[in-house]
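Input: one structure, supplied below.
Chains: A, B, C, D, E and F, in written order; residue numbering restarts at 1 for each.
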Amino acid sequence: MSSKKIVLKFGGSVLYKENMTLEVDKINAIISIINTLHDEGNEITIVVGGGVLARVLIHASDELGHVNTFKDMLAVESTRIHALLVIASLKDKAYKLVPRSFEEVGKALSSDKIVVTGGFQPGQSTNAVAALIAEYWGADILINLTNVDKVFDKDPRIYPDAKPLDTMTTDEFMKIITKQDEEPGKYKLFDRVGCEIVRRSNIKLIITNGSDPKNIIKAVKGEPVGTMIHG
Amino acid sequence: MSSKKIVLKFGGSVLYKENMTLEVDKINAIISIINTLHDEGNEITIVVGGGVLARVLIHASDELGHVNTFKDMLAVESTRIHALLVIASLKDKAYKLVPRSFEEVGKALSSDKIVVTGGFQPGQSTNAVAALIAEYWGADILINLTNVDKVFDKDPRIYPDAKPLDTMTTDEFMKIITKQDEEPGKYKLFDRVGCEIVRRSNIKLIITNGSDPKNIIKAVKGEPVGTMIHG
Amino acid sequence: MSSKKIVLKFGGSVLYKENMTLEVDKINAIISIINTLHDEGNEITIVVGGGVLARVLIHASDELGHVNTFKDMLAVESTRIHALLVIASLKDKAYKLVPRSFEEVGKALSSDKIVVTGGFQPGQSTNAVAALIAEYWGADILINLTNVDKVFDKDPRIYPDAKPLDTMTTDEFMKIITKQDEEPGKYKLFDRVGCEIVRRSNIKLIITNGSDPKNIIKAVKGEPVGTMIHG
Amino acid sequence: MSSKKIVLKFGGSVLYKENMTLEVDKINAIISIINTLHDEGNEITIVVGGGVLARVLIHASDELGHVNTFKDMLAVESTRIHALLVIASLKDKAYKLVPRSFEEVGKALSSDKIVVTGGFQPGQSTNAVAALIAEYWGADILINLTNVDKVFDKDPRIYPDAKPLDTMTTDEFMKIITKQDEEPGKYKLFDRVGCEIVRRSNIKLIITNGSDPKNIIKAVKGEPVGTMIHG
Amino acid sequence: MSSKKIVLKFGGSVLYKENMTLEVDKINAIISIINTLHDEGNEITIVVGGGVLARVLIHASDELGHVNTFKDMLAVESTRIHALLVIASLKDKAYKLVPRSFEEVGKALSSDKIVVTGGFQPGQSTNAVAALIAEYWGADILINLTNVDKVFDKDPRIYPDAKPLDTMTTDEFMKIITKQDEEPGKYKLFDRVGCEIVRRSNIKLIITNGSDPKNIIKAVKGEPVGTMIHG
Amino acid sequence: MSSKKIVLKFGGSVLYKENMTLEVDKINAIISIINTLHDEGNEITIVVGGGVLARVLIHASDELGHVNTFKDMLAVESTRIHALLVIASLKDKAYKLVPRSFEEVGKALSSDKIVVTGGFQPGQSTNAVAALIAEYWGADILINLTNVDKVFDKDPRIYPDAKPLDTMTTDEFMKIITKQDEEPGKYKLFDRVGCEIVRRSNIKLIITNGSDPKNIIKAVKGEPVGTMIHG
């Protein structure tokens, strides 16, 4: 396996158990895989989502009657806290600071460290951030760890005949994302802005289940795993 | 007229003639109106788009074979240059620096100056920025200067019976924006992310023609002008 | 009551119920008092502690086996999140950004807004930060909201004859703080570095119970409340 | 006297006695005058030079065999230390941070505080900085405190018939500055870059003796003092 | 050829055809040479000027009646846009951010990437910036690509007997630069501040024609090309 | 000797002779040893104190009647100036910028350069900074150069039978530090906050005499030198 540039995105579904208790073993397993991939010469950038912490803070902000932008800002701060946890676990392999803007990602990517970032701004998801970084950095692959094995052709919660897909075009994926957008309050696989970037630059995106961290290795090696979105 | 918090967005269609020549008289007229509104006790934040300069730079980047993120970054730089031109014209009324991130907007809004900003990050339009600032700052009104008098219920370039509307719900507006999104290469009135923020926070958005700068005053005074998007 | 420069410090014992649920009513009551004090012409700077959120994150970091500095950093991030919540509640009265260093506090204090900050650096408590800001800014009073009515002359959990004091010298206070320092794991009223700053600059420090937010007004008006530490 | 925008520049010849001992009384007298001018409604920006401290540090750097840029950087740091001293003396009237770049000056000038700055970059004198700020900010007057009463038409150390002048054109001043440039190691009144900015923007520059701080008031009031350089 | 530390400066005369159309082929040729030099072990820092874009923006600012500092600021922004274009072309070999101050250059030079910068501040040319970086970084050579083959001993547009020179002392060069300074509106080879830095640190400066990018290689290899300015 | 991560702290007692004259030869000897250690594969971070310069500036600030925070800030600026001197001497081996906060240290440590820093904030000593960096970075050893050969079990200026110790526990060291704290105006070996960090993370701290720079090598090699503080 020749060395690759990998963007790895994961969030709450990987980090937390049901409440604010961390999935320590799973996180350690992911860190261990990242260390191995790095030792094998791969370059890795990690984007971390907000998960339960974001929801707790958004709820607090809601109770205090704040305008929505602050909820986005709190969600962003949550992602940065998770990024800091990952940095601490990666020790000297990580760029030691969580970039707070796209410009700071530029600086961080100019080092030879594993860059770990959360979100940047209100109104922008960590999926969009991950897609942008993959595009900007020229990543070979963008791996999105989520809580499903594959993307379905229809919402499996509604259609019993929904089928999990191994591959999907970005146009097909955009349709699913757009439909999902119209159903607020449900878990979102990805967002339109991120998908648009994946589409415009033909980024190789693999969506796979983070409950088995070895899926990361499969995705990097090109073995079948999850759903690959392609141009 | 009691004092208001106004976010004013305008871009290339207001700033430029056909090529890279500025619409000096029109810009001066807009500056003059902003000065008057400010003297009357209104608080104003301005978001400026990229226009012809963005297109020229994106074209250059394209010729040089760059990845798309850089094109977004160049477009962002264009908006900042326009913001700097507006700051220079507003003299001591303006916050003298172009904020480069949402955090810097926070600092700028903590002064009592007119804040003038462009875009912030790749993958985010200045319309989304304007909507976010309106939400964050608690603006009374978001005025979007464009090159049409009103929003039509259908694309007037296709449907001869398309009708210009005085008001429109955010849901209706979102449908038009989404349809527009699917037709690449055409001039875009607004974008989905911005529209989503307008919708979630019920921001009062007025889209009106920037070719007559007095439309700004009408919008602020609550006189009928352009199309008002409401919750 | 002539206008004053007030530094107000509060943390977890004021913000949270037993778990991660916020004390929404109490927070709103404090915000309301801050608004009133501000409307009456007082200048206010707020320093917020880390509370339950800090403990949750430190626990997570501990489980992941991180070095101690990261635990301090996570505690600092917690204080910043609380500061952001306070800023959102204070709306346009607040400087809209959480300063991340002493230098950024300097910038923020140069506006005419209420500055809200958390901690700055590993190895430095928010009490020390509050004392430093009071000194730097020339505050008339530093109010520390805590969960006790007064400081006792001895630890009341050990000595049944411990007496609550209305006033205390900084030397006496330093002795209590130093003793407290030697008993790890217990709730700390203040820290030595903060106390040293209070002493060297003879800052008027009042420690009072945050469970009744009206204590803030009493402290500002000079009415007897809590324990006043003096030079 | 109507209120004015004043840029005041002074450096080592005003700050220090022969060695590193500060001219405390003179500095206090200048601070007192600045406070008065500010209370009278004038807006003031201060630029401070490096003086003896710069020379001591440059000498140290020279002994250690450093490249010249570091000597410039150390000189810049010296000016910032002097600026910090002035800020501390001006208390809440001052913007509390020393701007480290022209962009940070822009932020500082957007507050309503007295901005105090030193130099910015290697290869740029504080006289050039003062001229640039005067131009950028639209100052009514740029006052340069030095150790001579007036500018002479020729070098008085060489020509016994040299005459002190009340006024001088920028062209005449540029000639004197240029000649001075060619004699390294001598005290410099001003520098070519600063003079070029004064000339291109027709800034009203008064060079006067800082040994009598009341000269500042005379210059602001338009009374004859020192040498006025005009377009 | 042993590896060298090279500062390469080029601007509008290399980047643009007559109008705002880029010299795409020439730029690509220069990028290709930089890549080769980098692959051969040389360390390279690039400073880019403002060219046509600067002139267009200055003209716009002039039409809008702005003070001169803003024109300088717009020129600086132009240089940063060109630097961004070069960074995009150099891909992962480049430090991904355009430094906005001398301090940020320090950070960038601490990576092992090719640093690409424009100007920093009003009142300072990119030639001065290039000379400062060469001095600060300890460059072996400063190559200035321009639109003439060599520097002449007199202005060839006036004196038919002007001779192109292979070498020139910094004192001689300073005289030519100073004379040039006095003729506003003409193309400038270099500026006095930059020349002064070259002189004080005895930097090896080669001025050569950018129309043939291979001149860069000749300069690096020490083959005769352009005019070499020496101490 | 396998490669190590070394934090080296030294300050005024190493840098200066009695007045503001630098100990040029001693500094050069230390730089030479740092270069050698670096060439041998060790990673080094340097923290520099304020020394005579700090005292001179604090005295000036005192004479001008400033509040204490500014004295701390001036002391911090002094440490940064010393750090800049060390950076200049280390040339390309050093990260070229003095970090101004813990976050900037994080960025700097992500390069492969020798990081040289001074202090960060008022109310925090450079010893505390050195201990924090050692903990954060996972240093193998923290070497503190001072003006005594070893730490004594009692103050040798008072007790003639005081004995120099080769090793000492952090608890014993904390007692000495705390006693020292109570005697203002005397030279301080270390401070409580720094000692607390050394204790909580069991950092290997060696205090040795900087008058013989070879003591650095002994400490790194594990040869007996100075006093080793251990958990």
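One rule holds for everything that comes next: a contact is a pair of C-beta atoms (placed from the backbone, for glycine too) under 8 Å apart; a residue touches a chain by one contact, two chains touch by 3 or more.
What you see is a predicted model; the values in this text were computed from it and never measured.
Traced through touching neighbours, the fewest hops from chain A to chain D number 2. Of all chains, the one whose Cα centroid sits at the greatest distance from that of chain B is F. Both chain D and chain E derive from one sequence, and where they touch, over half of the residue numbers involved are common to the two copies. Rounded to whole angstrom, the centroid-to-centroid distance between chain C and chain E, based on C-alpha atoms, equals 53 Å.
One simple way to say how far apart two chains are is to compare their mean CA positions; for chain A and chain C this gives 37 Å.
Centres computed as Cα averages put chain A at a distance of 31 Å from chain B.
Shown for chain E are the residues that touch two or more other chains, namely 67, 70, 73, 103, 107, 111-112, 136, 138. Across the whole structure, chains are in contact as follows: A-B, A-C, A-E, A-F, B-C, B-D, B-E, C-D, C-F, D-E, D-F, E-F. Residues of chain C that touch chain A in their complex: 20, 22, 24, 27-28, 56-57, 60-61, 63-67, 70, 73-74, 77, 80-81, 84-85, 87-89. Interface residues of chain E, counted against chain F in their complex, comprise 103, 106-107, 109-112, 136-138.
If you check the complex, the residues on chain D that touch chain E are 67-70, 73, 100-103, 120-124, 128, 131-132, 135-136, 138, 178, 192-193, 197, 200-201. Residue ranges on chain A touching chain F, taken from their complex, read 91-92, 94-97, 107-108, 111-113.
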